[in-house]
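Next come the structures, one after another.
Note that chain A is present in both complexes that follow, paired respectively with chain B and with chain C.
The block that comes next holds the complex of A and B.
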């Protein structure tokens, strides 16, 4: 199986290269089409036209577009995205500084979405054919229609303002100074062995992670339920019943294993969406992640940051796709046999 | 098989109701820990929800009016302002501008030290206001101090600034945007990249933690030369979303916040334990106008001004707290003219338009730009103005622009006839109002006609204070009467705080943690 897995990995990595190049080209083209003068915007308002022209030459913006693209591509391959127009800092290092917070949040949200999605899917399946089925259908439809930023506001007002149960600004309360080892706060609090800070960080993460998780769980619920319904149409379920297996064992031990595969594919796709869903949630919860950085960059037409963040999103989504493909291979014996 | 899947199968993994309730109770107990800052009030610390992060920790690099109160915690300016906006000594014990405004003698305090223990000397002063601005580092202060020809050092505390042209507002600029003294030795040893990661100033607070777009934590600088702040620890949470800022103060997670919607500030006035404030500040909301295109016609520009009901705008969007302005200066500042009024007069607007052959049936067509979200209710104000204009016979095509695009469009002469604009001037000096807004040579002015421009440029070199102020008063009146600018409102800062937290109100809207105390 390891050989098959490595083969798949190699294949996927090779396929990723043209995808990445295509995304780079699109990103470059779209941002060049925008009516924004990057050279002028990266200079103080008082800059003269001569100074702006000098800056334009320095940035290579006087070159033909294909030449500009090649320069940009070479720089991007070395992690050089230029200086942020707004923050006057290297865009690549800004993204590197903020990426861990977003990854941490997205992973926590995915765990919540998975638990709720799988739990909810099983529950929906369990109540099939009863009066509760319609309630479940309506509830999952309502959940599906609420976007993550609305969840963010709901949860903030319910658990933060009305019930005073959870904090909702930033990642730590004021009394803690953040340890900076890896940038992954939960990990860092462990590395410096501060369980109190770890718990404080977890509490700060609950609401944003739930907002994202709740928004993405209904799709998992519904796909799992319909997959289970499909699996229960198969002959082997009846055979398992004839063998006297309990419904619980059939569901958890056999049906779920088969139904989980399409759900897993969906979860991979969802994780990509969830990652981009952090944009507004991070702004609402003052979370110092890449989404928050991106919203500001878009507002200020800060092209170096937009390009760096856009490319990072693309790489993350590609990586997730590869991981999901590998998991699919591990879980699906039919694929291994091919 | 359908019969099997359709029927409800017996469930062996049954969740018993009692067990479920027990689980729920345990879960609730797990999270039933109140938010930290909502707990018992800590009188030695303050948490503030602030709407924007700072652009950089190099205070000379970017002009950002909203960041000034934060910079003033960590860094010191040579001259500061009192709550009435008068210039007061700060790092400078004294200063004396020469009668020709071509030089300024300065004397620094001898007891000021940077957070790293180095003394603040004239070497640092020279580095900040001369060496750095001439080094080509593209600092915003390179523009404000471009006239500095040399700073002669006489001793660690005494120096003379020499200017290439008369610089009558040098003392005002010492208290304005970007003018913070930075430590030469430290900055040169760590470089700008190192400095912005670990900034060192001589201000009343030290920065102890900073997370981009999230929060900053400050601790009191116990070696501060000036009055020791009463609050030992200040946390500034960057909360960009206004609803989240409201939620943060309402829940008790922060002690003070600013820039909330006006209706929310008014609501908090009725809430027990909170104070909601609408504080007029030295920021003007105005229309920057061009002197060409459809606005080449004086009648159209003046009609556009007469058509606007500023009082109605103030009532609708600022709860009536924003003062209607007739000149580009705010009440109480030197360039303000209390006895001059440009009237809201729709009939006069119609008459003026009729003189040029326009009217409701044959409207004058203009372009109009506005930001959306740059300052409270900006786009809504623009839409209301479009309606007011429509009634008298001006048809405006409203477009939204990003604030950062204003300069680019203005540089390329691509701005429309009118642009809704907000202008901050914490000093209150008229040079930083009309002097910048109407100077055709600067990127802020959309008005390029030299009849007004020559007057502005001449005033830049008037050394005598009284003559300079009188000149700006006359200029303000002239500019409004010729339609070179359309001032609208004095901007209002909204603020909500816990009632027990007091602070000193500044006329320019500074909210300084060093002035805060718990009562």
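The block that comes next holds the complex of A and C.
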């Protein structure tokens, strides 16, 4: 079991390497066709042309493009993306500072999406064949069409502006001084034992996390429903009924186990999109994560940050799909045997 | 005619079409519908609430933004931007995606492998990130937004259509077409393409919804169509900055995006159900 898991993990990681290399190449290519002079941008405005030329040589920009790509790749592998032009800080460390906030948001949203998705899927399945079925279907179509961008704005408008129930800017009210132990705010406020601050941080998290969770749950609902419908066509369900098991036990103990696998495959894809969806939600809620860093960098054409953040997003999304694949293996007895 | 009838009787298709029609009419007849110039600034009446609320002005039915521009007029002209992007970008993405999908699915082998790997790499880039990076390279403007959406979203068409082409290629009438001497080109355009058309239409409708959202997102971030072209995303960004003074400014563009996106999705979903031969056969049995 562990051996198969490790084998799969190794295989997936090996397959990811060429994909990652090509992603790097694409990132490099897009940013190299930009009409901006990286060397000139990283120098103070008073620099002479000779100084800029020297900098260009130092950065390897006078070399042929493939050579430049190799230099860039080596730097990227070491986390060296250069200094941010606008923030005057190392781009790699800026990513390291903001990544925990984004991970916290994404994890909270994934929990919400999973709970809503599985719950909603069971509900949709429960109303099958009744008059409510059509309501459920239309509702899930409409929900499916609302992206996280709109959810974030809806929730901000309703709970933040109209009802004044929840805060919708940043992560903490200004009167708190942010503790810094692990970089994960929720964990840190807990570690320094500040329940008031923990609660404040949780309240700031509710709207953005719900916006993402709501956007990514309808697809999970629908796949769970349709795979449950498939499972109920199988003979073993009828046999369980004949054995006198209650409908509840058939559903929870047997049908769900079989229906969860296709759902899990979809959740892997969904969570990859969810992670990149944090970007917009962060911008809308002024949440200080990687998304806000990226958008600021994009507005100012701050190349080191764009490269560092862009690559980080791709790597995390790849990792999520690998983790979900492994989970699939753990849960699927058919694959385990081999 | 059966297909058209089925479409007309489908609730989803009709409701979706109705919603899109509202936006489309606004887009087409914007100069006649808008009460004033969407870019005209009235700095003496900034951030006004809608006319029916306290402090509203009947000259600005839905209020004004932070530069004193009429919200209603911007909303109506914004429909123009949104619909232009939706139609042109999704047709562009469709063209690239479906041509590659037909080549990959029909010829298989090396062609299929290469196209498949390109799609894989492309899709390992989260779409939001890729479109932002592209906009940095392209700069702002309506044409740039359209180009960015095409470059990001052609993979959606390519991946889905390829598997459809693989199925269609196995059919006997395709083999028969080859046997009576049809060229590859003629077989693809006359025999394979008509069979994938229903799926293609559905995908285009869904893609239009996506394009509306992406345009709004890019405009919201400030990398969209440029400052002097009204767009819903810009209106939202403006209202977000002045959120305590201009709740209406947030509400109406959100509603407009919702209307357009839900309309395209209902239409797409309805078309999928009415055009999919397998679903229809299953129902009639």
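Basically, the second predicted complex is superposed on the first by the 327 of 338 C-alpha atoms of A that agree within 3 Å, B and C clash if a C-alpha of one lies under 4 Å from a C-alpha of the other, contacts with A are read in each partner's own complex, and residues count from 1 in each chain.
Keep in mind that, in the parts below, contacts are C-beta pairs under 8 Å (C-beta built on N, C-alpha and C of every residue); 3 or more make two chains touch, one makes a residue touch a chain.
Fair warning: this is a prediction, and the values are worked out from it, not measured in the lab.
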item	value
Joint occupancy of chain A by chain B and chain C, clash or fit	clash
Greater chain A contact set [chain C / chain B]	B
Chain B versus chain C as contact partner of A:238, first or second or both or neither	first
Partner chain in contact with A:102 - chain B first, chain C second, else both or neither	neither
Which superposed partner A:161 touches (first chain B, second chain C, both, neither)	both
Partner chain in contact with A:175 - chain B first, chain C second, else both or neither	first
Touched partner set for A:227, first chain B, second chain C, both or neither	neither
Chain B versus chain C as contact partner of A:153, first or second or both or neither	both
Touching partner for A:114 - first (chain B), second (chain C), both, neither	neither
First (chain B), second (chain C), both or neither touched by A:283	both
Touched partner set for A:49, first chain B, second chain C, both or neither	first
Steric overlap of chain C with chain B in the superposed model, located at which of 2-10, 146-154, 236-244 or 272-280	236-244
Chain C-contacting residues of chain A that also contact chain B	153, 156-157, 160-161, 283-284, 295, 299, 301
Complex contacts: residues of chain C adjacent to chain A	12, 120-122, 124-129, 132-137, 209, 213, 216-217, 220-223, 236, 240, 243-244, 247, 250-251, 254, 257-258, 261-262, 264-266, 269
Contact footprint of chain C on chain A as seen in their complex	19, 22-23, 26-27, 30-31, 33-34, 138, 141-142, 144-147, 149-150, 153-154, 156-157, 160-162, 272-273, 275-277, 279-280, 283-284, 294-295, 298-299, 301, 306, 309-310, 313-314, 317-318
Partner chain A, residues of chain B touching it in the complex	1-2, 4-13, 31-38, 45, 47, 49, 53, 55-56, 58, 61-63, 138, 140, 142-143, 193, 196, 208-209, 211-215, 217, 233, 235, 237-241, 243-244, 247-248, 250-254, 402, 404-405, 407-408, 411, 442-444
Chain A to chain B touching residues, read off their complex	36-37, 40-41, 43-46, 49, 52, 85-89, 94, 97-98, 126-130, 153, 156-157, 160-161, 164-175, 177-178, 200, 203, 206, 229, 232-233, 235, 237-238, 241, 246-249, 251-252, 282-288, 292-293, 295-296, 299-301
